[in-house]
């Protein structure tokens, strides 16, 4: 009943012709139910596989280090000496900066004192150039 | 041609001459989106380009503008490249490890297909042809790029209004969801603290996107393009040897495509396809479906609490509606209202990702059956 | 006269056929005059509207703060203590840097001393992710 | 095929075989542009890509190269996307608040349409068809991206020479304008200091691009694409919640498009469309028009000093010729020659922007009448 | 449609249904490439996108995916724009001054055409048509972007397998070359230290890319597009006034194109063009040719030591095979094994660049003769 | 002989029809030889021209500065005073950072002490805007 009214009210929208005939909503219900069921099953499968994955991986690589302190959160422990923390900070930034800036090699003459330039170059990883 | 003739032609072809009520409505809607994004702060990165694109695309008498100007952007949108680059950037920017820590939260992603199915049924019941209704249904999960992708397959003429509806809900998550969250959960439930996310090993984090991709391809072959890009972005991120590609995928490429796709989505919503009963219905039915999906997500979380020993904060269920990554943030904020020491953001990412994946899987199925 | 000569000299250029017939320059004069007049009027309108805008905006939002010290020019007043300025500078850069670099959270263990890491995290604004 | 046969074909198809005087001229012009940009420092970001593109596009016997290689870039240029992205970047990079501080400086932007009109008349008088003459006329305002856009509409075959002429004047502003500025103003006039730019409120800065866009759309519907992008870029900048989009629009996107559009503009100037009497005439007439436009800008500023109480430094009028943002810098430098404490750069941005807008408005009108 | 009907169609169109042995082989190869790049660390910036693209492009039953999704990327690859942008980025990122310091090292670049010629002969001898064999021959110099470019001209159907072979050798340089280097040189030869690179003047560094371009255009007109971009990138770098363009060319643009071209190259290698005897043969013959080219480079360096007074470390000859910039790094590492104070990286760049240029010259000639 | 066997084994590959007929390998040999010879000659020419270039350039610009200390390798010699190097480092980064960050002018009030802000603004080069 409601459907008939709504359908009527949408006369403007329904493009005439066979190509876009308004389909019976039974199809819609089947589609919705089948879709939900399959996706539920899929998500359940993902959930189960994620649960199994660590065990499988442990079997495959039993010799991995025991608790590899999550490498994505870099912990910086500043020493009680303030200048040390400051220098580390500068060096980190300097390193990132000089990598980006103009891509040219910084040739740095280093003294013995722990200047930030020195720390920066210690942090340096050679960037893999690409072709 | 004399000066009076030129002036005559000038006045005849002015903007005012061709301005009709639908044009004006579209332009006002564009201004509204800009205001929502720019002043109210709802997803400005999306709503500002969409709003401005809507204005640009709906100025009357300018049919020449847009035919050629937008052509390359339109190729990017309709071919599926732009949505894919957005998924690539999301994958490269998002830490999936909360999935590893608590795999059962993935089940909460079922809220997304529920919202989608309800939108489909509502629109179809209202007389919208099934293929169009399926394309529109993605709005019920507030999933913008997937809407664009599915609409380009099933209902290319309606890509504009469908995508606008989806992005609009995504932007309005902070308006819609809090009431539902507060209304359907008790104070004690909102205070439930989740166990700390366990430290994951690199091998797990690298295998996760590959495994996700494999399962999704088997479950819904039509989802392979978008899920593939999401998983590839995350693989690049976790494998740790492709910093340059990760940086460009989650940075410049994501930002540039967000800007250009937004403009194009806005310009695709025109008077002829937007100011129609179907679009108005979609805005209403989609909203209802989104609300019900949120509710069913919360319900599912409560059900899980009945079954499992370890308690789950039912707020997390609301993140299963997709609307990535906004609903996760809302869950976090509502949790903190009750207990500022309750840090739910990382936990809510798991159902949020699951909802995102669930909505893409559903899109893939609809494409397979109706494409 | 001059026109005829020039036109002749451009015989190479003028593509034959009706589509690209050389038009009488009267059209050019009309076009130039009408164009200039309309654009002049447009610029004048812009000038007037810009002049009116502050007044209109003042009417619309009377409760705005009186003189909102132009926020686009950030004024940094270094204290007389040098280290303070240095730390601010480092913190500013560090903040920007750590936001960009790899997007991963820096988990920083902070001492009580005002290290640049501490100042950086105070400055932090959560970036709105986009979908 | 034997070795001698292969060698024979090799010699037959060598570059030298097809080299004619026009090819050589184009290549030499390319080298000249590279020298001007790279050694003399005139707009290297533009002249180096244009010069190299000109060499690449004019090597004889290489017809295969370019047909396919440049195809995507050509779409970007001809569709109007690349010019739009440049306007977007300019909007995102430029502080419009000097317009707010002294709105009457906007009137100085009338110099730009004067230069354009004079070029149009000159070229048309010389027998160039009106549509081509209109496309060429943008060179009289030294407005590169607008030239590209208008030429793609009115005179697609001449897009190369027209854009090269426009960019060339833009680059040569520091050579052309100083003499006119010094000659047409007195020492005292050049020393006039402008009142400090008033602090503007955020609401003003946000409304400004929207208002500009609205007026321009009404005045010249054909300008909506370029002006729209300029204003959108500035809106993103001022609204302050879309840092990521602003960064990409004024950074990577602007730089990449500048590079690629430059190459394409250069490659579009070929022996057949460049080495013609019309192009030579354009280079001459455009230069005269640009000089006269500069002069009329200065004259207008002097006229304003007669009418208004508050004195305006007449140098500012020269910035009204468009040639954004170079003429503003030249005005500033000439001002500082006389009085190093006179900081005119921010003030000159207002007429410079007005000239830019004026030239786009004119382009929109020409497109409407002749397109 | 009823639920069982839908489920029936679902099962009929699943991935498993269409999976054949060739599909499986391609997917496994994709996984292998990802493993080589991601875990073993061989050129991850190339192998990860190629491997994932190969998986995406070879999932059965997904013919719809790819037809439209990859269309813009395919245009970028086949038109020659993407290879050109990679050459532009390489030019902007590479310091050419080692060429200036020791010009005779340029002669070592002859190893590249030798490897190419041997691949051509091998493939042609095996019955592959000459145009295809020529396109395949670039793999013998492990030059990925040039392979893509030449294959798009001479053998567009085989662009996928050819490019995969070329990129694979490039990635495997650290596996293939060390043995040859150690086997064909004595301990004393590997210890030869090269004289320090002389300081070059800016004028030399600016003229170098222009001169290189001029000579290459005369020698091989078909190489103008790629060599032009390489030289233009280097010119921008050395002329020192276009920092913004250099930054974008060697940064975002290079990274984005590397990612997108990689995906596209992988997706172009399909069951129908990859799992063929010709491809297997190419992998074998290309490897042999690459080994022989490396050997002939070393031999040439030894020959130079006979003729010239100043001794050249024969390891440098191996960098003449192209495979830019990896073979230069391997030469450096092998040199340091013997004597950690021997810094060969900068010196190896000269023959490496010469090999790169030599392979592009050869590609240009093949295109001219066979295109 | 070997060729015949291989050709046979590649029957799958050889597309039938005249357009892609398997060519006689003599062509391949000619192609390979001619290609190698021309490229050898080209590389030799490049080598010779590079050798000549410095001499030609010296003739063209005789008044150039004698030995212009390769400008691409910036040498930073840290003074023996640690703070100086630190400040230089900070200033360099600060400069790069403030250029990039939001593109808005940093209005910095400077004291007399050599704060990094001061050094940064000394380094400043006005970026050429582009249109």
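As written, the chains take the letters A, B, C, D, E and F, and residue 1 is the first residue of each chain.
Assume contacts are C-beta pairs under 8 Å (C-beta built on N, C-alpha and C of every residue); 3 or more make two chains touch, one makes a residue touch a chain.
Source: prediction; values computed, not measured.
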| item | value |
| --- | --- |
| Minimal step count in the chain contact network, subunit C to subunit E | 2 |
| More contacts between chains, A-E or C-D | C-D |
| Matching chain pair for E-F (criterion: over half of the contact pairs shared, by residue number), options A-E, C-D or B-C | C-D |
| Proportion of interface numbers common to subunit D and subunit E (over half same, under half different) | different |
| Subunit B-subunit E separation of Cα centroids, rounded to whole Å | 39 |
| Approximate Å spacing (C-alpha centroids) for the pair subunit A, subunit B | 17 |
| Per-residue overlap in subunit D, given as positions that touch at least 2 other chains | 1, 6, 10, 44-45, 241, 244, 247, 252, 255, 258, 365, 369 |
| Per-residue multi-chain contacts in subunit C, two or more chains | 27, 31, 33-34, 38, 72, 86, 90, 93, 97, 104, 128, 130 |
| Complex interface listing, subunit E residues touching subunit B | 1, 6, 9-10, 13-16, 34, 37-39, 41, 44-45, 48-49, 52, 55-56, 59, 61-62, 64-65, 68-73, 252, 255-256, 258-259 |
| Parts of subunit F lying in touch with subunit E, wherever the complex brings them together | 2-3, 6-7, 9-10, 12-15, 20-23, 25, 27-29, 31-36, 38-51, 53-54, 57, 61, 64, 67-72, 127-128, 130 |
| Touching residues (chain side subunit E, partner subunit F) in the complex | 95, 99-100, 103-104, 106-107, 109-110, 113-114, 116-118, 120-121, 124-130, 133-134, 199-204, 207-208, 211-212, 215-216, 219-220, 241, 244, 276-278, 281, 354, 357-358, 361-362, 365-366, 369-370 |
| Complex contact set, residues of subunit B against subunit E | 75-76, 78-81, 84, 153, 206, 217-218, 221-222, 224-225, 228, 232, 235-236, 239, 241-242, 244-245, 247-249, 252-253, 365, 367-369, 371 |
| Partner subunit D, residues of subunit F touching it in the complex | 26-27, 30-31, 33-34, 38, 102-103, 128-131 |
